[in-house]
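Heads up, there are several structures right after this.
Heads up, the next two complexes both have subunit A, just with different partners, subunit B and then subunit C.
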Partner chain A sequence: MTGTTTDRAVGTPLPRLDGHAKVTGTAPYAYEQRPDDAHPLHAHPVLATVARGRVRAVRTDDAAAAEGVVAVLTHRNAGPLPDLDGARDGELAVLQSDAVAFRGQCVAVVVAGTPETARHAASLVRVEYDEEPHDTELRADSPSLYAPEQVNPTFATDTDEGDVDAALAAAAVTVDRTYRTPMEHNAPMEPHTAVAVWEPRTDGADAEGTDAEGAKGTEGVRLTLYASTQGAHTVRTTLAPLFGLRPEQVRVVAPHVGGGFGSKGMPHAHDVLAVLCARAVPGRAVKLALTRQQTFPLAGHRTPTIQRLRLGADADGRLTAIAHEVVEHTSTVKEFAEQTAVGTRLMYAAPHRRTRHRLAALDVPVPSWMRAPGEAPGLFALEAAMDELAAAVGLDPVELRLRNDPPVDPESGKPWSGRHLAECLREGARRFGRPGGGAAPGSRVEDGEWVGTGVAASTYPYYAFPGSEALVRYDGGGRWTVRIGAADLGTGSRTALTQIAADALRQPVDAVTVELGDTELPSATVAGGSSGTASWGSAVVAAADAFRAEHGHDPAPGTRASAGTPEDPDAERYARHSFGAQFAEVRVDVDTGEVRVPRMLGVFSVGRVVNPRTARSQFVGGMTMGLSMALHEEGVLDHRTGHTVNHDLTGYHVAAHADVCDVEAVWLDEVDPHVNAMGARGIGEIGIVGAAAAVVNAVHDATGIRVRELPVTPDKLLG
Partner chain B sequence: MDARITLRVDGEERSPTVDTRTTLLDALRDRLGVMSPKKGCDHGQCGACTVLVGGRRVLGCLALAVAHDGAEVVTARGLGALPDGGDGNSGGGLNGNSRNGDGDGERQGPSDDGLHPVQRAFLDHDGLQCGYCTPGQVCSAVGMLAEAAAGHPSHVTDDLTRTGPAVLDDTEIRERMSGNLCRCGAYVNILAAVREQAAVREQAAPARGEAIP
Partner chain C sequence: MIPFDYVRPADPADAVAAVGGRPGAAFLAGGTNLVDHLKLGVTGPDLLVDVSGLPLDRIEETPTGALRIGATVRNSDLAAHPLVRHRYPALSRALLAGASGQLRNMATTGGNLFQRTRCPYFQDTSTPCNKRVPGSGCSALGGHTRDAAILGASAHCVATHPSDMAVALLALDASVVLLGPDGERTLPLAALHRLPGDTPHRDTVVEHGELVTAVELPDRASARHSTYRKVRDRRSYAFALVSVAAALDVADGTVRDVRIALGGVAHKPWRAERAEAALRGTAPTEAGFARAADAELAAARPLEGNAFKVPLARRTLVAVLRDLAGAADGGTRHDGREGGR
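Moving on, here comes the complex of A and B:
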């Protein structure tokens, strides 16, 4: 704790600093980079049309002969990936073998002079497969279920405390229900794109830049990748060794990112593909934009889940046992084990507790991070089960949660750095009205609609990653520049970091320019886990402190200082989590089963809010995505083909404007003294957590029907 | 097959040679380097590519460039130069109170910031996050306000016999803006921005007596 920030800029609703560029469309996203390059090449991928098997033959003659085509790459000629650090990331082993591990895997790519030519030529590539039997269907009784070594990012796979079975058998009241969530897709508005330039060594030797050995000939190469990423340095760290390059040979640029929600948190196949193409045409810029359809198999998704929740309680609703057992899928080429039950470990006190995660490695695309991985699907199930328990006990759902609010972290026994769930619930109930309303479920009908309200709790852990570095420079003339390779994917981090820097430097925000989104800047950790402000902001404050310590209050122009994310001694002392309470009112058409949500309220406890304007937008945005999760989102895999059949924005509906009514977010006025110099715990993900449960609980209150399988489509209410 | 066409883009005459398969969106982005309209889906499902053609909102990804030879195209980049935008003379005092309570307008820039009032309203109400859908949203809002002023009904308009400008309540605005997806979930703030602009125009309409823009 340096405590060096003052309250001048932090806490004020500074308008988004890149707002002008964004409302005019002049903020450059990845595909829009290199505007002066009059003739970039365009790449169009060819995706596998079988779910499992081998590529027997790829006929590229017609494609290669098409006018304007520069290259057609397949696993036979794309060249090796040296993979110097031996990470063997199966998702990134693009065009490295004839094996097809999921439908939609990249099997070829065409590089041509225009996007139209590339796309047309891609349609001329003929791929023949030796198909093998596949399995894409997640089943709770799948014989192939296994326990991963850990779940994302480093949590224990299973936890056990006490004797859950005995406690459940002895409990006065029990709930034993299974909840399901479907495959969900991040679907940021900016599809995943990359522009890659592989500039060969300039001394004339080995100008091809690569050869059959791949690693040879990369000396002197410069790779520039304009990426759509939540972490420029992460992309560099991952891709450089894959292509036999040292990190300093690679520059990744990403000043503006059109949303990511986790899907741009790590490089995916398209990034590798763009670089493979660029390596094949050294010196030329290659633009690769996945089509919206191609993003579905290639840019990550949230695993479907099957979650069994067992709760045992005494007659007063005090929990005696909590068991949360999760089945989810992963791919065969790369394991991603979503931490679905982890939130349950800390939400409520009970002497007997169990969590389980089991995976089935299926012939499916590679799952990955999607906003609040773990907590978003996990708290849906837990909080729906809590609602069922409240009904079984005959308790008000808010009161049930208050009775089970643990004084210390039930898992670690550590004190909370600040657990204010009870305040969130009480404040929300005061503002919104007591959910449930006291009338029997299904008894309130107005204008041909069932009306009901629901509540759910929310939580998200505090993450701050070590390893970020910030540089502070005094430019002269009262102006300062702060450099850190952070990302702003719409979160407002550019604005928030400017506020943090201004206070740390004791300067007005107008005096400070923050530069981010480039590996030429000091290294920064990924924008994930709601960690950005904490991780980067801490480094910025440390750099400002270092600057003052080194250069005093009257620095010469050009003076600079750097510092990294400081030590975090409270990490081991406290359980640090944000909490929230979500409320929803629903109206369900009695005849059609259509669910409308006229109002939602979220009350959050997140430590200090750096910028109430952008923070509110993030909360509301998360809640809106939670509403979308509750009512709309479902990736439909055709298990006969392994194909996500609704792979566009009509088939995979995300909440549109008409779906969203009054969504309000407020937060407690607090500072967490045990996290970082800002006292802020991060806000990017908690808004989605619990939102779907609040809606589903409201649907039960309205209709008397418990929907345990998302999304709540009309067929589930009219059956 | 290639064809040479002429487009007037944000007030500037351009004559790209395009593949006849080229969409208006790709002509703007890949041939002319006008990156303001965005490609989100290429199928008319998301609205990120919305531009104004002859004052009407059009999905650039569903329009063939060769079918718009000679068209007047306005993107979000050029919105501020429209007759009712940009100079801050119409609908002044647009730094209305958003629910963010952005009090003193610090760092909001002067009124002659080159923005259309609708763009200004998006900034004032934080009607954006990642910004990728935003150029389409603002073009769509400008086009939608004109449609409403011209009396076009929407799917949720009850009285289809009514003449004169459409009344833009929240339900109407939400419906009319539903062709523009925002995955960041800025709808609540977009609504506030458009609602404010609808009110400004409603007040100005009798004097103006004609559709905007």
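Moving on, here comes the complex of A and C:
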């Protein structure tokens, strides 16, 4: 679909280079590392069963006496975390105090010879608590709401332009609705695992020395962590100072990752726990795999949101006012402020605009990144409200969006590097059929099912992070190696980088080997914000250019060159965002309210697509996750205990194969000239954005019932 | 892990003797529920008696025309059996509506009957549960009750029975053959499962050491006109919000025979006898179906989180009867709702 005549590999649907290894079980994931270690140890955490309080006592005798148990760590004996850089990350201060800040926080860990022994012994640890009153329930009128200093990652908390209240009062048509999304949890196929080896100094001295930073006994230590992570270097730069180590003392290895969606974007408590265990048994490999249940409190989650949307428009549907006010939660040990209303700032033009984010710090696990943090819940609410506005104005929902398509970024006034939302909407309507169809909602029944269609817009910002480096080496014999500490979460980034490198080196793809997922390789930024291909690919192209400039066209074997992510002068000149249009058809059983989604279509504008095969997988995967968000996903907190009662994949529903029918993703043939050498803006997250709104809008079209609280379960459609 | 002994007995009598001889022993068949519970700490038997290899894996017609299903017949095999598909379509559909393909390949006929509730509090050892620890309290009351019972619950337990297969078997008037230390006995399936009362830790009337060896299905005309409808939050691998198994025999514009069981609504598969009585001998009309559903659900006592189950059960029951009546009339509503949904 893309590709120019000068490209050879970029733009071609190269199959995943690691696909064979993965399907034959030979690609090592974190827990499978150290295969030559005949006697690794296994750790199993003990999690708090109260939502707030203090650990009064931990009785570990029975656990310690169990056969095969090597160590039982609690806050009393786990040892300090020097925290050299003073990050004071409350999520990572594992076993450092008796305080319990949420149910499911780690209060002890057992290290034993087998995973079964460790798990059994963990069940023998008796923890006594001084329980304190807790609050886990998010309420729009909570007295403890506060405005964070900024929202993830560095956006302004609030924005104001014009006089929203006056504009709403004067508007010919208004929508004032509140939408809610529940707690949602990432469910990567590979759960969160780590293997840690803490090798003490080998010069014969014991751990009594004190280095200049005040950390005891860490000089000469080597820590190796096989992690399931979206950024090996991120893990290293976070954990090394926590344990009083210099980054060079730490090696993080993650060649293959079985999905992350953001939940492996930064280290979590289990990574720290694995290293604490390893430090307690120096020289031994300690393996830790969270159970699926344990990932619910420990691997981050998407905050629930309460979103009030107010839209004002003239009689022709031209927006005069947009207000998007968000209430969401964070934990008491670490603030994470999801940027839910940020996408609204740029979606549509209106002279009067306001966004707000307010947080309640509750006694809940630490929220974190989940695919398209901010845009995924935020565009659900905005695009459902736009659908309500279209109905109020009496306008086709596609036409409403076209009328409000801003010529420049409404927030910054900058020109777009390429805003093609209108093309996406038109192309989608041409392929899918006009959503809404003209008939009144709830008026079409076929074979005992209400039938309806819906549309929603999507957007995701272009991120490219500075600081990645790539090394290119000519190996001789026509072989090239490219090294960069990037991550492949299963997205296909290894394959895409190989294509980019091959073209940059003007070599066939099978002449190039890309090595990634290791801090021994040149530094790379985290696989987050759909930034990987842009950030790492830019460094790879720069390194290839440097190689040619330094060594010409006939290099000697062993010749190498390095380069970092180049300057990005267009960052200040252009507003750079991807866009898309999502369409869904739903069929709702008239008797039972069960929803089917026989087809979805996404049309995306993302700059150049490096690999149509892996890109399609990202789009379709994102749309599927959006379908799942619309119909299935809901973490249920029991507010009496602060416990997520449906904390497994039986209770926490993600879409099953049977729920996912015809999901089609296409994209515009384009190159963004204002982003990077590839002209690509990133594809990992936009697929989820707007997908839930398209489904919910289609449900309204089908049934006449407007569901404003996700997920759309059958009980909400019984009328 | 908690150490336990493991034996593979040679015949059913040995299996019964092995479990009967040890209070902490348990039968292991497909393991699709018990193994989870071992990992979660929900139960901790000290002896597992593996009956999966016993010669109880046949499906055969008896001289009376009934179908005898061995206790270790796998769910997948049972669902696909030609006689089951032909004579007892509700059973085939119920089986295919359950769990996932992988689980159905492991799960057995006998084991399926003894599935324990999926009430989240039962499965989580950090919360009180009268079914798991008698006398400890019911965490579901006042908590998450979306999956809880609307019929026959008690102040001690609001759990639901999770099986699809058992609901269909109940509507098909199955009986269960049990082998115990004192020999064999046959129970109607309707008498197997219990309501919770004040002893919710007991799911069934089966005594320790008794082993299901077979399930028998009578040959009835109505069974051929039977179906199973499962309503759930996602289209596979989800337990029923509400399910309906029904068999309907209409002749000369009159309901000659009807059998109905509901799933997802009670501590046991729920035979809808009041609804059946309201329908028998009447004309099969939409209004009559609704009256029958109302008659059955008049006893419903929903909680805050599962009140929707009452109208959902009513509507699903009416829809199922409508479909069956339409099929009996020769008219069919195309709904694509074969098993697997």
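Convention: the second predicted complex is superposed on the first by the 704 of 719 C-alpha atoms of A that agree within 3 Å, B and C clash if a C-alpha of one lies under 4 Å from a C-alpha of the other, contacts with A are read in each partner's own complex, and residues count from 1 in each chain.
As a working rule, a contact is a pair of C-beta atoms (placed from the backbone, for glycine too) under 8 Å apart; a residue touches a chain by one contact, two chains touch by 3 or more.
Fair warning: this is a prediction, and the values are worked out from it, not measured in the lab.
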{"item": "Partner with the higher number of touched subunit A residues, subunit C or subunit B", "value": "B"}
{"item": "Partner chain in contact with A:T117 - subunit B first, subunit C second, else both or neither", "value": "both"}
{"item": "Contacts of A:T49 with subunit B and subunit C, given as first, second, both or neither", "value": "second"}
{"item": "Touched partner set for A:P28, first subunit B, second subunit C, both or neither", "value": "first"}
{"item": "Touched partner set for A:A169, first subunit B, second subunit C, both or neither", "value": "neither"}
{"item": "Which of subunit B and subunit C A:T592 touches, first, second, both or neither", "value": "second"}
{"item": "Which superposed partner A:A656 touches (first subunit B, second subunit C, both, neither)", "value": "both"}
{"item": "Touching partner for A:L631 - first (subunit B), second (subunit C), both, neither", "value": "second"}
{"item": "Which superposed partner A:N646 touches (first subunit B, second subunit C, both, neither)", "value": "second"}
{"item": "On subunit A, the residue positions that both subunit B and subunit C contact, one per complex", "value": "116-117, 120, 648, 650, 655-658"}
{"item": "Complex interface listing, subunit C residues touching subunit A", "value": "1-2, 39, 41, 118, 120-121, 123-127, 139, 142-144, 146, 231-239, 241, 308, 311-312, 315-316, 318-319, 333-336, 340-341"}
{"item": "In the complex, subunit B residues that touch subunit A", "value": "19, 21-22, 26, 29-30, 33, 35-43, 45-46, 48, 75-77, 79-80, 98-103, 106-109, 113-115, 119, 122-124, 126, 128-135, 138, 170, 173-175, 177-178, 180-191"}
{"item": "Complex contacts: residues of subunit A adjacent to subunit C", "value": "49, 116-117, 119-120, 123, 447-448, 591-594, 596, 631-632, 636, 638, 640-641, 643, 645-648, 650-651, 653, 655-659, 713-715, 718"}
{"item": "Footprint of subunit B on subunit A - complex, ascending", "value": "12-29, 31-32, 35, 42, 114-117, 120, 187-191, 256-259, 261, 289, 291-292, 489-492, 509-510, 612-614, 616-618, 620-625, 628, 648-650, 654-658, 660-664"}
